[in-house]
Every structure is written in C-alpha cells, then in structure tokens.
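Each of the next two complexes has chain A plus one more chain, namely chain B in the first and chain C in the second.
So, the complex of A and B:
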C-alpha cells in the first residue's frame, strides 16, 4: 500500500472505523453453491411483469412463446436474482434479528464485521448483469456468491460515512449451464442522527 | 395485452437515436410490490416505513432489482420481443422514495453504439431515470436486435 493514498481519506477521528485487515482475506472467496427458495414459475413471472409494466409476449403469452425460437415461455432476464433472495422468514431473520442463514459465507462474514464496526445502513448502489442463457418456467436457478472488492477506507456519502464492497454472483440452471453473471456494489454506512434534513434542501 | 407487438430491426436503428420518454409513477405500492411481490426482496427498508426511518432514510425506497427491472422493461418494450437483452449495467444515485404529492420517474435512453460481434447485431444504449429529487438511475445496456436479412 504505502503511498497509494496521497490525500488522506475522510475519516472522523471520533468514530470507530472498520479495520480492513479483519476482512482482507474475504476478497476473492466464494460461497458453496446455494439453492433457490423456489423453482421458476409462471406466476412469479407474471408478478414481475405486472410491476415492471412489461407486456413482452414471450413472458406472458403461452401461444406466442411456443411459436418463438425458445419453444415456450421464458422469464425476463433481469429477474434472475429474484429466486436467489431468501424466503420471507430467512430475510426477516437476517435483517431484523440479524441471524444469518449461512454465517460462514464470505459475504456474511463481511456483513458481521461491518455491522460490528457500526455500519448498520445498507444500500445497493450499482449492478452489472450479463445474461448468458434464457430462464424457463420449471428451471432451478442455483447461485454462488463471493466478495470481489472492499473499500480500504471510509467514504463520505450522502447517506453517511460508509464503505463500498462488491458482491459477485454466478447463476446456473439445473443442467449446469451458466445463465447470468452479476456484480453488485453495496454501500454500508453509519446513519447520522438525522439524514432527513439532507433531503429537504 | 392490448399493446401492439412491434419489432425494431437493427438496420433501422441509428446511433444517437433517442427513445421516446416514458414516465412511471413512484408510489408506496409500486415500491413495496416491486420488492416483495416481484423480486422477492424482503429487506424491510423497502416496505416498512418505520424500519427505513430507523436506518436513517426519510422513507421506504425502491430496491435495486425493481429499478433495474423497470428500466430493462422500458428498453425491451421499445425494441420488441425479438430483441435480446445481453447486459444491463446500472448505478443508483438518489433513491426512489414515494411522495405524498406523487413522485415520478422519467425514463430516457439513447442508442450510443451500433456494431456486430460474434455473429450478433448489437446496439448499446445509455439510459437514465430521473425522479423529483434528481437522477435515480443511470446505466448502459447491450441488446441484440433482429435483422431483415
């Protein structure tokens, strides 16, 4: 590292900051392959399309889709991650009770450290999805997630003092075919006493 | 499903072409339904106002998958069902909060590049979604379009 940062990054001397050496070994590690909460279904696809106002007949019209190059209905590619998010119970356990389903996964070990250091706010800030194969009703979308990058110092953001980290997802169907590769940048931050006034001006 | 199905062909697209603007109303229903019902995201900041305010946000806000999905649909609706989405790259700026008097997101996109690669006819689009507070989402997408030949 040494002289990499000529300008001293923002860091309040009064606040405890995350010690990067505690999380440095997580960069580049992946979780084992995980199961989705459900297989892909036509009703899940309909829910997505209703919210997104997506009228693409490949996602909603069986007759049209059967005569297409796919030979049947497919799911909107951007929907890939929906099946990898936990059930309501798992999610609420994680976010409210802070009980993680797989505490040893690299992303969860990272979460544990950042929460301990006081970064209790979480916000997804950027995402890149590369779609490789169509997703069809009846498919099971397995996934793996890893950590590819963690900020070494604090950032002063609109949300508060925080750190960015990058999560990498790979999604595979039941035939072992990769359907999507995704990177996901997350901001964890220390919520200031009142963020509300920031939005008023 | 009354909307007419119309395909855009690669030959007919020009660089610097601007897509027609579309606007979405951003309210509590669309944020909560987008998170829990459509993208299966039960993180309470997207549906529980008290929880979100406890985390320092002024209100619940849209999850990234819904923002991504709305913009992906905007582009796919324009291109038609024969187009294929290859990549979506987005970054979020000010969150999509619901507002009493109604928050709206204006979506715009422009064709920035037209090229062939690996036997596919591709276009690159730069897009944005702006709400009452400023830019919510910016990004680029790559789509493969059908050809006439």
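So, the complex of A and C:
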C-alpha cells in the first residue's frame, strides 16, 4: 500500500533519467521486412472511402481510372498503413496481454528502455508520409520500420519531462518499389506526480 | 394514425430486379470476419483458399448496401418503396426480428453475387410491442452467383416502429 503512492515530485533532480548510451545503438537500426495480412483489395478501398466520405473517382470508378494517368484504379495513399496493420489478435496481445509480436524490433527495444527509465507517458506528436508510387488493388505492401533519432537529453514539455524519438517506416510493393516513406515522432514523458498518482491510485 | 395500407399493398408480392453486390467476395473481408468471430490471425498466404469455403453466414455481407455513396439513390425496388412509405409515416425505427437462411451452394473467393428482394407482406395493422407500435415487413432474398446459380434463399422479417423516445439534437 505504501509503495503504491511512493512517487517522486515532478521535475526532481533526484529522478533518474534515461541513459542515452543504452539506446544509442538502436539509432539507424531497422526491423526485418514484415509481411502484410492481405493484398490491397477493392472492397477495403470502398469501405475506407465510405467512412471518409471520399468521392474521388480514382478510388471507385474503374472506367474513369482507366483513362487517367494511373491507367487503373488506385488506393487512397493515406491507406498505406491499413495494408500493413497487424491482425486484431496481435493488437489484443500487445495492448491487453502485453505480449509483443516482434520484441526485438528496434522500436520495441527502445520502448522497453524508456519505460524502464520511468518515461511511462507516450504521445504521438507528428507523422509525415511521403507517397512515392501509387498503390493498386492486388498489390502486396511490405514494410519495415526503424529508429532514426532519439533525444540525447530530456526536454521540458507541458506533458512532463520527456524524450522525443523518431520512428521511420518504409513501405514497398511486391516489385520492391518504395511506395511510401513515413516518419513518426513520438514523445515519451514522465507524467507529473499528480497524474501518476491518478494512474497508480 | 397508421400508414396508408393500400399504398404499401401495391408493392406486396413484387420482386426487385437483380441487384449486383458492389464488390467481389474478397479474402481480406473474410479474414476480418474470421478475426472477429474466431480471433483467428492466420495470414491469408497460409490459408488454402481453394479448399476453404467462405463462411456461409457472410452472405449478407457481400450483398450489403453501401454505408455512404456520393450519388443519392432514389428508392426504386418494391421493398424500398414500401419501406419509404412506412418511414415517411414516422415508423423510422427498424429491428430485424427473424432470418431464415437456406443455403444451396458454397460461395467461393472472387465470386460476384447478385440478389433480388421480394416484398412478401406487411402486417395489415399496427402491432403493439415493447419497442413501440409498428409494422412487420417480410422480405424474401434470393442470392445468386455470377453464373446464375442460386446460392441462397432467405426470409427476413423486420419490424418498423415509432421510436418511443427519439434522441433529438
């Protein structure tokens, strides 16, 4: 019981900080290439467009798309991560059972270190996707991800003291052609004592 | 106040023209379904799609109307016209009350299904239930594949009712 509420004051100089040397070797590392579960399918494109209210004929009108510069139907570029999402079982394992599918991937090893150092808050701060080639129905989209930057020092943010890191994704189709490059900036932070009390209590 | 029964009666016994399913039977939709029902995460490339039959209970998935469409489609089929009369009279709640499916042939991946709907009947008077007052509508679906082979016949009953405490904005 006593241990449960034993939290240090926010921004205390006594608080341990992440030792950068533990994670330095992860920068620039990539995971192996991951297989998707499904091929790019017209029905999934339709479901996306229906939910987004996207009436772009390139995504739905075969005849229109055939006469366009793409020569056929394409998938909305922003769906790139939909094709590479893990299965629902994987997500349940990760968020409910806390069992990771690929614990040795650089991003997961980094998460392990930052959580160990007390940065238990996590917040996505920016995502940038660069589309390099169109994705078409029937394509298979493979991806790999890596860590490209980790803050060497703590940042003071409104969320608390934290570190930024950048995850990079590259998506390739079955011909080895890169279809998208994506960066994902994450803030991991130490929630202030008041918040931590709320979480733990 | 009820519905104008003779207006609905005009459509009873009439069958719609064949309505094409929007998409072909797709592997990814089958996987999504299996994930929800079985929590099965077998990647598609490990499934033998020739042997694996499509879950028969997914029939209504393939023939479902779209959630949203940029073109607004005026009702044309007899059952749509009858439902519109009932809707317009204020019975805009709907609940499925019975579904009998008879399945004659398996669905295969990449099949393109089509279906017809026949309005089998509408209850002649309001029915009082715990959900509110309303009408029972009986529909008959016939689903065929691209070769014209009958896949399934379904009797679907739904109850259209006045929502007791509608949520207003």
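Definition applied: the second predicted complex is superposed on the first by the 178 of 201 C-alpha atoms of A that agree within 3 Å, B and C clash if a C-alpha of one lies under 4 Å from a C-alpha of the other, contacts with A are read in each partner's own complex, and residues count from 1 in each chain.
To be clear about the criterion, contacts are C-beta pairs under 8 Å (C-beta built on N, C-alpha and C of every residue); 3 or more make two chains touch, one makes a residue touch a chain.
The structure presented is a predicted model; accordingly, all values stated were derived computationally and were not measured.
Of the two partner chains, neither chain B nor chain C is touched by A:33.
If you count the residues of chain A touched by chain B and by chain C, you find the higher number for B. Residue contacts after overlaying the shared chain place A:41 against chain C, while chain B stays out of touching range. In the superposition on chain A, contact of A:160 is made with chain B only, not with chain C. In the superposition on chain A, A:131 contacts chain B only, with no contact to chain C. Touch criterion met: A:79 reaches chain B, while chain C stays clear of it. By the touch criterion stated above, A:96 is placed in contact with chain B alone, chain C being left untouched.
Of the two partner chains placed around the shared chain by superposition, chain B and chain C are both touched by A:55. Contacts of A:67 after superposition: neither chain B nor chain C is touched.
Residue overlap on chain A between its contacts with chain B in one complex and with chain C in the other: 37, 44, 47, 50-51, 53, 55, 87-88, 92. Residues of chain A touching chain C in their complex: 35, 37-39, 41-44, 46-47, 50-51, 53, 55, 87-90, 92. On the side of chain B, the complex with chain A involves touching residues 1, 3, 5, 24, 30, 33-34, 36-45, 51, 53, 55-58, 63-66, 68-70, 72-73, 76-77, 81, 84-92, 94-95, 97, 133.
Within the complex, the chain C residues that touch chain A are 22-24, 26-29, 31, 35-36, 39-41, 43-45, 66-70. Touching chain B in their complex are the following residues of chain A: 37, 44, 47-58, 60-61, 64, 68, 76-79, 81-83, 85-88, 91-92, 95-96, 120-131, 158-160, 184-185, 189, 191-192, 194-196, 199.
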